[in-house]
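My questions will all concern the structure given below.
To keep things simple, chains are lettered A, B, C, D, E and F as they appear, and every chain counts its residues starting from 1.
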Amino acid sequence: MTVQNIYDLIHSVAPFDTQWEGDNSGLLIGSPSQEISSILFALDVTEPVIDEAVAVGAELIITHHPLMFSPIRSLTDVSCEGRLIRRLIRENISLIAAHTNLDQASGGINDTLAVLCGLTDITGEGFFRSGILPEEMTARSFADLLAKNLETTVRLMAPEDRMIRRVGLCSGGGSDYWIQAAENKCDAFVSGEIRHHHALAMADAGIAAFECGHFATEEPGLSALAEALQNAVDHVKCNVRVYVSAVPAYSYPRTP
Amino acid sequence: MTVQNIYDLIHSVAPFDTQWEGDNSGLLIGSPSQEISSILFALDVTEPVIDEAVAVGAELIITHHPLMFSPIRSLTDVSCEGRLIRRLIRENISLIAAHTNLDQASGGINDTLAVLCGLTDITGEGFFRSGILPEEMTARSFADLLAKNLETTVRLMAPEDRMIRRVGLCSGGGSDYWIQAAENKCDAFVSGEIRHHHALAMADAGIAAFECGHFATEEPGLSALAEALQNAVDHVKCNVRVYVSAVPAYSYPRTP
Amino acid sequence: MTVQNIYDLIHSVAPFDTQWEGDNSGLLIGSPSQEISSILFALDVTEPVIDEAVAVGAELIITHHPLMFSPIRSLTDVSCEGRLIRRLIRENISLIAAHTNLDQASGGINDTLAVLCGLTDITGEGFFRSGILPEEMTARSFADLLAKNLETTVRLMAPEDRMIRRVGLCSGGGSDYWIQAAENKCDAFVSGEIRHHHALAMADAGIAAFECGHFATEEPGLSALAEALQNAVDHVKCNVRVYVSAVPAYSYPRTP
Amino acid sequence: MTVQNIYDLIHSVAPFDTQWEGDNSGLLIGSPSQEISSILFALDVTEPVIDEAVAVGAELIITHHPLMFSPIRSLTDVSCEGRLIRRLIRENISLIAAHTNLDQASGGINDTLAVLCGLTDITGEGFFRSGILPEEMTARSFADLLAKNLETTVRLMAPEDRMIRRVGLCSGGGSDYWIQAAENKCDAFVSGEIRHHHALAMADAGIAAFECGHFATEEPGLSALAEALQNAVDHVKCNVRVYVSAVPAYSYPRTP
Amino acid sequence: MTVQNIYDLIHSVAPFDTQWEGDNSGLLIGSPSQEISSILFALDVTEPVIDEAVAVGAELIITHHPLMFSPIRSLTDVSCEGRLIRRLIRENISLIAAHTNLDQASGGINDTLAVLCGLTDITGEGFFRSGILPEEMTARSFADLLAKNLETTVRLMAPEDRMIRRVGLCSGGGSDYWIQAAENKCDAFVSGEIRHHHALAMADAGIAAFECGHFATEEPGLSALAEALQNAVDHVKCNVRVYVSAVPAYSYPRTP
Amino acid sequence: MTVQNIYDLIHSVAPFDTQWEGDNSGLLIGSPSQEISSILFALDVTEPVIDEAVAVGAELIITHHPLMFSPIRSLTDVSCEGRLIRRLIRENISLIAAHTNLDQASGGINDTLAVLCGLTDITGEGFFRSGILPEEMTARSFADLLAKNLETTVRLMAPEDRMIRRVGLCSGGGSDYWIQAAENKCDAFVSGEIRHHHALAMADAGIAAFECGHFATEEPGLSALAEALQNAVDHVKCNVRVYVSAVPAYSYPRTP
């Protein structure tokens, strides 16, 4: 199985041409014809993630966030991005990023987040999803549920006794999608990063805001893609092993 | 004492002409010649804050964040900002915003935050401050200290056992100032909102990130200005009372 | 009857979505749900016009020219526009502007002007109208006719003995529409303000230009809308009185 | 005497490098080395003005307004400007424009206008001048004085009984300079074209506006330059005759 | 026959509305109604070309490259372009340019060049053409063939022994069209000017580049238009003589 | 000796901060701390040049033209630039580009070209140089001299019998610097690529143009830098060998 085959499988569930203008999803580093025996999924390319890839023998890393999001003009050891790219090339590891195409995909980042929020009757399109809690609960109880399901610290930006039933959400740094929560008459809005002026606007609109961290709202959706990909390759009886990074977020050691 | 007198007192400690290009600090609503007997300080203008101002008889509200940050072309009851501005005018309450000028001022938002982080040997200019903890501590311990001093939820974006001595900071949504923390060889960086790609860059640079919430990192500096202003008016024996809003952040009731 | 009802009536004769890009016609100040018993029409909001509105008990002013044409970032007594807006809000007077939508409307500003120019067989669309004088006359005679019908000073920008039969026009500051007068083989062009280089171009094209003043070419069309609105509310037996401002143009007293 | 010599004489009283960015003052058509025996001054190049130049044998026309103000890409008989330029070249007539440099010059367009307004103690720089009437008079009386001195129709944009003593002015289409009249505490402002929103702003500021026509406010200053140039060439005993166009403004005959 | 008639004939074979945005093809100087007895074709307007036009009594010059490609604001003897335009107007010679419309036309500049390259099975649209050599030859031989057929110096930018069969081309300064040669699997690419980085890209893609000079690749196509026009006017029995400039390229004498 | 040491040596003769805005000279690929035993100089990075570098054991390539001149967002085998960069990184070869800084440097690209043109009394700054031939010669003779000295095909864009004494020049694609040749009263102008409209302008100004090819005008200056660098490292007794590429320009084999 080649890098191109894997690219095509991802494209079939999260088409790369649905990515946002300005995004950099796609095959970023490597060769479409490279043969693949193992793949590592991770939210971002970091030094520990490349260590993991080397350890498991992965010839391909698939991340959510792209490298070279800002176009580059040099590739030296002086910058972090330069070091990461140079190491990938020397280790002969290809890199595919599935970013805003995966955010929007059916069964993608936001759909996975909606399930982890405990919602039913999930609807929505683009980057927004909404649904209903099985039964009404306080903002405090919902914050505790989120902390447990997403394994994260939750910042509750509303009174603790506010009652919650209908919930809107957008993973990562998507707090400007609160406006769709208002249009859908949601009681609450969940996101990874919630900016202060959005929190104020939600307060005015009577919506309780729950900030759950960028990593915690996106990592589960990437793991779901890994599982789907493992099933797909197994189905065609290809002997490709799919791993998910076990490195905690933001855990770089200081460069020795 | 008039609105203009109060404006001049604030200008003497946080000159309005030091504000960022594009900011909207200054006298936003009201009349320079209005006589003032009471003032209310709050991070933002909200309905509960105007309720408070009316309750204490304040003719002037002083906030950190400006209204009309985006220029406006109408003033109707249809928008939140329209309702707030119309109510201020009808209640005859003037509004002064001290935003990026107060962030940078000596004794302003960031200096106050540095003290609450427990730092000594505080240096820095513009929006950045750094200093030293009396003794080295783990990231977990420093996060607990911040949670207690700032009365907030802290999101720790680094391994818990990382050791911390030198700390950099920028209040509010200032996580791009982490680069100054790197230049100052800080072990940690504190801010209100920390964006994911900044957290990754800090991890690569060996800096532990502590996200403490926009409100929690800025409110103390505004209270400090209130206290300084009370002292200034007392000193000239003016009978002006200065209040600080006691409304919790993001606590709007749903509009009935 | 509410502000929204009045807005809808105007919209039915001069749809607000036909306004020019960059214009600011619509409900600018107030509340859609406010109950209305009296309305004052005026070309512009000025202090004497607000005096009139207060005197007749109007809860709504309808003007041709919008306030906040340039977006604003403060509302203080220091600027003329700030004083006007603050007074409207405190007097609880709503403001609707019908500007470029009314210029173009059937029966609107330009159609009314065409009738006052003594034209028949009136045609045209957008901001331009043309028609024929019942009989040919000299430029001098037509200038006198305009001065009488529009109650204004006319600047004749052509030889006095030029003969006129077909006339084109555009109210207000619309002298660049002379080109449509040329395309329609007009002998004359009427507008409120005529710029020098347009007058030269008309001279070269053999078109006599008549500059009649901005106010004089637009006020009659606004009065016509007032009359139409009075008829409309009478027809549905609503007890709303419609007034037209009697304040002369440019008559502000010096602020005491 | 050559075209270049004349250019240099004008440059010495109205330096061409003081012209506004975007203006097109200077030698526009012809040859610096052409020998000159007669010169015709006119506000604009028009067909009747070229007729006059041919009739008096002028090899050079000097105007206030430039040709090719908008850059051109063709020179055909299809456009008015094309016909004028082609005829100048075929008649071997050079063209110099002295526009915004002459507006500002000492003794230039605006200084000449100030004298014709009957002012004393004339001050100002750039495009603005102000001065004092020998004695206070009503707006009506001052309008009559202007109509007589400038041989024009005056549009009075203020109450007729307003009293006038200090007067500001800017020739041509310069009504945005009213703000300098306000800063100089003028009672009145004179210009060629006065835009409606400037007239409203002046009314609010207690300034009476007098619109006197573009041609009438600028032609006297150009005649003054003609006289000065005649004196200069006489002084060096050059036998060059200087004429001023006697064609009325906007008097083009229809092209036969 | 008038200038307009000639314009229409050219338009029928190379429609002016197919010209590139920013081009300046069309009637640039003169009068549509001018009667024409002789026409001179030349790649560019230069002093020797105007000499030729005068010598043969041509009232119309037709060039490939337009004058006033950059819009102009003056017409004096100080600039080369000013001198050329002024002389055309004084000699009463009209000027039509057929530039990017003729490049693309069927039978136009690029089709003519393809024939002179010895190609068969010519296809292509827009500015690109490709075809096949009757038999494979070395790059050296093809360069010699081009030098002879186009009467020019050829810069060969590839190894001399490279074998050539399929050839792509774009006249003048069109070396960025090499990419179409690659898409059409050409072995070689011919143009007037070939930029270094395009030559490098062609080397990487295995395409041999032949730079033949701007004049040499475009002049033949203009001569072809002259011949077609002579046939067209002969066909309608108009007595109009069509000449082609015999002035060598870049042969201006130094202005005396 | 490290890459940084070599960078510093080049900087001392052709300072990198003199490069043009938008250029990409500097250390583009690799590590400042890499130890260097051999260096290869070449005008451009191409596959054959990397082959040469590998063959001679060069850890550093120094080129005139930068890679990543247009910023990039991916590094795959699909593009030529991607393949070149990936191969450099895998071969552990660093890359320094000295482009517009070397063009301008004393003893750099243009100074070297001036000597090869046979000039004396060489002056000039920036990208332009001029000088005098020992004795006057015809354009034909000078073209032959250039063809011999630069080992290139010369396109002579002027009459063959034009006499030449003073010569201006700018290497590569610098034909817009002909204007400095005119200001310096040169009889001739030499460049790598000469655009048609520049050749026309030179013809009008009486300047003979000689187009010598991009590679031929720049390669000698790069070789001169190689020699200077070899001397510099020898002088400090470092055992670093400096090679100059012997690959002909535009000689890529078709990728197998």
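In this text, a contact is a pair of C-beta atoms (placed from the backbone, for glycine too) under 8 Å apart; a residue touches a chain by one contact, two chains touch by 3 or more.
The shown structure was predicted, so the numbers you read here are calculated from the model rather than taken from an experiment.
Student: Using the touch definition from the top, how many steps at minimum link subunit B to subunit E?
Tutor: The distance in steps between these two chains is 3.
Student: Treat touching chains as neighbours and tell me the shortest step distance from subunit B to subunit D.
Tutor: So the least number of steps between the two chains is 2.
Student: Kindly point out which of D-E, A-F or E-F repeats the A-B interface, defined as over half of the contact pairs being the same residue numbers.
Tutor: Within D-E, A-F or E-F, the interface duplicating A-B belongs to E-F.
Student: Looking only at C-beta pairs that count as contacts, which pair of chains has more of them, C-D or D-E?
Tutor: Ranking C-D and D-E by C-beta contacts puts C-D first.
Student: How many angstrom lie between the CA centroids of subunit C and subunit F, rounded to a whole number?
Tutor: 68
Student: State, to the nearest whole Å, the distance from the C-alpha centre of subunit B to the C-alpha centre of subunit C.
Tutor: Taking the average C-alpha coordinate of subunit B and of subunit C, the gap between them is 48 Å.
Student: Could you give the separation in Å between the centres of subunit D and subunit F, each centre being the mean of its C-alpha atoms?
Tutor: 56
Student: Listing for subunit C: what residues touch at least two other chains?
Tutor: none
Student: Can you tell me, using the touch rule above, whether these chains form a line, ring, star, complete graph or other shape?
Tutor: Graph shape here is a ring: one loop, exactly two partners per chain.
Student: Can you tell me which positions in subunit E touch subunit D when the two form their complex?
Tutor: Of all residues in subunit E, those touching subunit D are 24, 26-33, 68, 71-78, 85-86, 89-90, 92.
Student: Touching residues of subunit D toward subunit C in the complex: what are they?
Tutor: 44, 46-47, 65, 80, 153-159, 172-173, 192-193, 195-197, 199-206, 209, 213-215, 248-255
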